[in-house]
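Structure first, then comments.
Here the chain labels run A, B, C and D in written order, and each chain numbers its own residues starting at 1.
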Amino acid sequence: MRGHAERNRQDAVLPAGFTPPREGATRLRVRYSECDPMNVAHHGAYPAWLELGRTELLRAGGVSYAQLEHAGVFLVVTRLEVRYRRPVLYDDVIEVRTRVKAAGRVKIDHEYEVVVVERGGSVREEVCAVASTTIACVDRDGRVRELPAWLAGVPASAT
Amino acid sequence: MRGHAERNRQDAVLPAGFTPPREGATRLRVRYSECDPMNVAHHGAYPAWLELGRTELLRAGGVSYAQLEHAGVFLVVTRLEVRYRRPVLYDDVIEVRTRVKAAGRVKIDHEYEVVVVERGGSVREEVCAVASTTIACVDRDGRVRELPAWLAGVPASAT
Amino acid sequence: MRGHAERNRQDAVLPAGFTPPREGATRLRVRYSECDPMNVAHHGAYPAWLELGRTELLRAGGVSYAQLEHAGVFLVVTRLEVRYRRPVLYDDVIEVRTRVKAAGRVKIDHEYEVVVVERGGSVREEVCAVASTTIACVDRDGRVRELPAWLAGVPASAT
Amino acid sequence: MRGHAERNRQDAVLPAGFTPPREGATRLRVRYSECDPMNVAHHGAYPAWLELGRTELLRAGGVSYAQLEHAGVFLVVTRLEVRYRRPVLYDDVIEVRTRVKAAGRVKIDHEYEVVVVERGGSVREEVCAVASTTIACVDRDGRVRELPAWLAGVPASAT
């Protein structure tokens, strides 16, 4: 019963027929606290940036991840891969370009590019890292559950 | 009723007459990810170290903070002050010396020293920062509540 | 000699007679990775936010902190105090309001308010924390040095 | 010339014929600040744990990573993959089991298991994540350089 009510709550989050965007970009400026003694962003700072990429993609579709959690939909990362090609520096403005690669019934694969778009006041366009993640949908108790219909079922795109 | 049951649960955490230690020390090694481009531990890394100081002091008394939360006792920091005297370096072993300065009905004041006790394989004893915090006790919903009896009521010590 | 050249470099950072702004505000959205099991921003996340407040205040004056470091001017936090009044939640938009309280020959005192200005899509105005820091100026080797003339000498304001 | 002197310095780090260990394990306790609103360690906390795995493996061989940097040897992560199988909880004691999978002339591949070995005071043995990284060797200016002889040249092991 409670499960049924909860399902209604989450479906109520969005109007019927809604289709969230498949890709998007969000910008952030690299913080001093994210950089290490090598004078570059620490490799451990990137997962939080990718997370921003995902949540802003969701928001661009009209839903915040905070709303999802309130509705009992929790998204957990089950796989993360990052390939670091060039250093990202303190104060760089980076753009996290995020794309849904495939969305199934219970999980979603994303791909990312981390691109430096400004350094030292100058515009640039430098892909410094590429990444991919798999996220799975769980309920409040951590059990795997189905994604809300409007998030799921996106067919794998031709990469 | 639920509140009553919860009270029992938390009091059950410890035997009657228990008196937790008033001071203690815990050691940790400074992580690369905690250091910044100045080649020193970032000032924002210290609050987590002080938190370790508090939780290990609690553990030395036989209770983990995780147990407290399970029992409905949440401790939140309401004030933090750190005075940074000398830099702490990557790979330093530091000792966080933690002392209960005063414990009232709903809050506890702690004092800390962050001491480098090993650098580059050599023993040393260098107080690099001193700090103090106030923590308050809240329930699962964030409302101020009384500390468990065994944590509260420690009279202010003569500093 | 080297010191002299370096002094010229840093003074070259800004035109003569420049007066940086005394106060400013910068916004950021609270990240999931900054929040803890109590479902609120961890108290240890705030120092990085205050740092953003300072560096954006500097930028508003036309100088990035990255430029300062290139010119041999390093600013280190020697004191930090935060008073946490109300929780800040995941996905909140906060505004860090930063003000130079006093600037001497080798150090600067800042004051801050951390204000939630948006929660769950609704505008609000809630001061959740107040803070203050003291930063000191050091050279590349960590020795105390004078602040660049344009940063120093701001008389203490009447709070 | 300077390069030559530097080479000598780094080779001086270790006695001739030294062979560092190929695998090892290090333990740490999960910090509150590493956990997120889902009440589990945030996936972004793991890269720092893996880094500890690598640096402690190095230390077990008699060299600290800090010494390497002083000798002009910088190790940068160029690839990171983590597969998160089960949640790690606040206050869990985890063991990071680290193994050199292959070491070439300029890069090293490591494999890891993140194993919960204690939860709530009870011993357990639960592999919660597996991971792999590739690190490359660069000099002080970020240019790819050869690994010190004693780190390089380990043939790929039969996994």
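Everything below uses one rule, namely that a contact is a pair of C-beta atoms (placed from the backbone, for glycine too) under 8 Å apart; a residue touches a chain by one contact, two chains touch by 3 or more.
The shown structure was predicted, so the numbers you read here are calculated from the model rather than taken from an experiment.
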Chain pair with the higher count of C-beta pairs in contact (A-B, B-D): B-D
Between chain B and chain D, centroid-to-centroid distance (C-alpha), Å: 29
Computed distance of Cα centres, chain B from chain A, in Å: 34
Residues of chain B touching at least two other chains: 32-33, 37, 44, 47-48, 51, 90
Touch-based graph of the chains, sorted into line, ring, star, complete or other: complete
Contact footprint of chain C on chain A as seen in their complex: 31-33, 47-48, 51-52, 55, 64-67, 89-91, 120-121
Chain C partner contacts - residues on chain D that touch it in the complex: 32-33, 35-37, 39, 42, 44, 90
Residues of chain B defined as touching chain C within the complex: 37-38, 43-44, 47-48, 51, 69, 74, 76-85, 87, 142
